[in-house]
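We just call them A, B and C in the order they show up, numbering each chain from 1.
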Amino acid sequence: MTRSDVDATGRRTWRKPPFIANPWLRYGLWLAVVAYLIWAFGSLPFNWARIGEGLPRAARIFGGGFPPSFERGGLLLTGFKESFQIAILATLLGVMLSIPFAVMAARNVAPMPVYLLGRAVIIVSRSFHPVIVAILFVAAVGFGPLAGILTLTLYSIGFVGKLLAEEIEEIDWGQVEAMKATGAGYLATLFYAVFPQILPRQVGLSMYQLDSNLRASAVVGIVGAGGIGGTLMNAFGRYDYDFAFAILLIIIAVILVSEGISGWVRKKIW
Amino acid sequence: MLEISKLVKRYGRDEPVLKELDLVVEGNSVVSIVGASGAGKSTMLRCINRLVEPTSGSIKLNGQELVNLRGAALRRARRKIGMVFQGFNLIDRLTVMENVLAGRLGYVSLYQAISRRYPQADIERAFTLMERVGIAHYANKRADALSGGERQRVGVVRALMQEPEVLLADEPTASLDPRTSEQIMKLLQSLASELSLPVLINIHNVAQAKAYTERIVGLRHGKMIFDGTPADFTREALDAIYGGIEAPDEDEGEDTKKPALATRKEVTDDPL
Amino acid sequence: MVDHAGDLADRVWRRYDRKERLIRYAVLLVTLMVVYWAVRDIDIFWPWVWDAPTQISRLGARMWPPDPSRLGQIVGAMIETVHIATLATLLTIFIALPVSYIAAQNTTPNRFCLWLGRFILVSSRSVNTIIWALLFVAIFGPGVLAGILAIMFRSIGFIGKLMGEAIEEIDRRPVEAMEATGASKLKVIAYAVVPQVMPAFFAIVILRWDINIRESTVLGLVGAGGIGVLLQGSIDTFAWPTVATILIAIIALVLIGEAITGLLRSKVL
């Protein structure tokens, strides 16, 4: 009987064994959590006076935002059109470029220095939120959709490249050996033994990436990289809350539709 | 005393699973219910504690009508009915002791349940029962670390923790190997006489039914077609129950799977 | 010989049958048309595109070497970023769990709650963190509170959706057993549902914390606190070497975050 301790009156007691057996560690962890919370809340600069004004402001914003105004439909349409174009072109470029980077970042088909380079590219492009990349590209190539396309291309390379590299690392190696046995060169082996195995995954990933690029294209515009995000930012900046809410509603609708389509296509293919 | 009369259960618009079933179980008798897959054994047991809603009929436990109970009254009635399941239905990630104490959930307060501060008497009872079936040394082991036979002992103890007035066992041995299932049957038999508790056992293994119970009830297509002692249970009775359907003892849980799925849709008062 | 040649001609090998090929060509054609339209129609000044590599490398050159003189400030902002992500993740749990409970088909009290829960999850997920931040900055003014709220509002959908799926996938049999003991609904949840979804819960929260660290690095670009404020300031003042330091710091933060989540996963799960 592990913990059926017998107490003074001779009766058995039972307590649930604690999740962490060592009491020092257990209470130490609690203490650490409490200390962290105090530190975090204490050190963060909250501007309480300004926060106090929040509720009336919220009332004004939502009051001004309803009903959403679709009057400037032309502007809305141009913004979304540009977001679509950015998403499509970035997906195409990103998915195509992700293949060589995936090959570079797959341990089983790439030599060591190339592997490290491929991994580094993928890690760096995955570490940065697209908005940060966008702000840098805007600084480099100026405002507009070009910065958006470059941003989302890099974003796609990071995401698709990583998953594709993992896929390549898990391929059936027997097919590669068979191709090598026929005397095929490196590229021929890649095309006949590696790519056919990752192709279905690649098509599914592309659909997924198109969907997530569409989402991201709505936000890179906030820092000036083209698309509906810029329109939204302007509407917010000029206190046109009714127009801003109209944009938000359409963004939500578009995202839901695109998620549905992308899910349907992926189910069809797999 | 458990009295079932004119019990009918039909799922949707299908042929009824139970057709006006009558059954009376008295005192501390051990009754086994045999029948082929889909004969309605599992549905009948689940109607008694209302995990399945009966379509019509009456079920009385010690004089109390169970069929029309709702909410808290139903829960109070349920804690008087212990149930042992084919798949043990333990909570894998909790310890054996917690699983056993879960049998008291109908009695303790929510605070006691969540903080695991059960009354001293419950803990005492838990240890006594666990010692009785030989699992007390596992008290603080996780339930999924135990073997099948040990898990079913936990299931039996959990049901007994409820201080039940009747014990229902739904194919308690179907997931166990032959030796372990005999041990469990022996345990149920002796517990019934020790605690003077009526026990209803759904069972597929006719040999075990004959060896460990004093009364056998045979179901076919939702009707009772045999009721007697093991000595009366002849070749003819066996053929009448299973004839033309399948040989007994070859079925692994098909019988319980179907009603279990059906309960998903059927349990209405507790959507959980 | 002629017959033989005819035989050969019949034995043409095709990778796909007729219908499949038609679909393939149609998909290809539509894709090409869409791309053509996108390229022709998009509002890009093409000479800039050919000039882009030079511009990008020039920007890179201006960043080199990174300037560590403001490192103390950067580290402070980084800690603030982590606080935002951590506090927001912790606070989200209290909202996301009830929402996931009513949005899971097997635990929801009624139809209305199910749809309410799903509505909350969908609206939370469809609005990006930075858009939430924009909204909260407009309401509560620039600062960390807007950032915390933005991260929370986006995480509710994420954690809620995944937890809802975890609840829907639980084994129903222990639930049945607890009902059979006469336990009330809350007790059934505490004993049969909570233990089953515990591992999924930890995994989901850890995953979201990792994502939130990344997301909270950009909050500052719209004024919602964290390292982004410093980044925006440095870009506005063309302090490119400082920008480079901040970027390196962000990579380091993300890698540290990944290491911590990896450690937590192996320890807790």
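Operating definition for what follows: a contact is a pair of C-beta atoms (placed from the backbone, for glycine too) under 8 Å apart; a residue touches a chain by one contact, two chains touch by 3 or more.
Chain by chain, the UniProt names read as follows: A, C = Phosphonate ABC transporter, permease protein PhnE; B = Phosphonate ABC transporter ATP-binding protein.
Just so it is clear, the model here is predicted, and its values are computed rather than measured.
Chains A-C form the pair joined by the most contacting C-beta pairs. Ranked by separation of Cα centres from subunit A, the top chain is B. Annotation: 50 Å between the Cα-based centres of subunit A and subunit B. For this pair, subunit A with subunit C, the centres built from the Cα atoms lie 4 Å apart. One finds 47 Å separating the Cα centroids of subunit B and subunit C.
Shown for subunit B are the residues in touch with two or more other chains, namely 98. Contact residues on subunit C toward subunit A in their complex (touch as defined above): 34-35, 38-39, 41-45, 48-49, 51-52, 55-56, 58-59, 79-80, 83-84, 86-87, 122-123, 126-128, 130-131, 134-135, 138-141, 143-145, 214-215, 217-218, 221-222, 225, 228, 231-232, 235, 243, 247, 250-251, 254-255.
Across the complex, subunit B is touched by residues 106-109, 172-193, 195-196, 198-199 of subunit C. By the touch criterion given at the top, residues 36-37, 40-41, 43-47, 50-51, 53-54, 57-58, 61, 81-82, 84-86, 88-89, 92, 123-124, 126-129, 131-132, 135-137, 139-142, 144-146, 150, 215-216, 218-219, 222-223, 226, 232-233, 236, 248, 251-252, 255-256 of subunit A touch subunit C in their complex. Touching subunit A in their complex are the following residues of subunit B: 95, 97-98, 116, 118, 120, 123-124, 126-127, 136-137, 139-140.
Remark: subunit B residues 49, 51, 72, 74-81, 83, 85, 87, 89-94, 98, 102-106, 110, 113-114, 155, 158, 162, 260, 263-264, 267, 270-272 touch subunit C in the complex.
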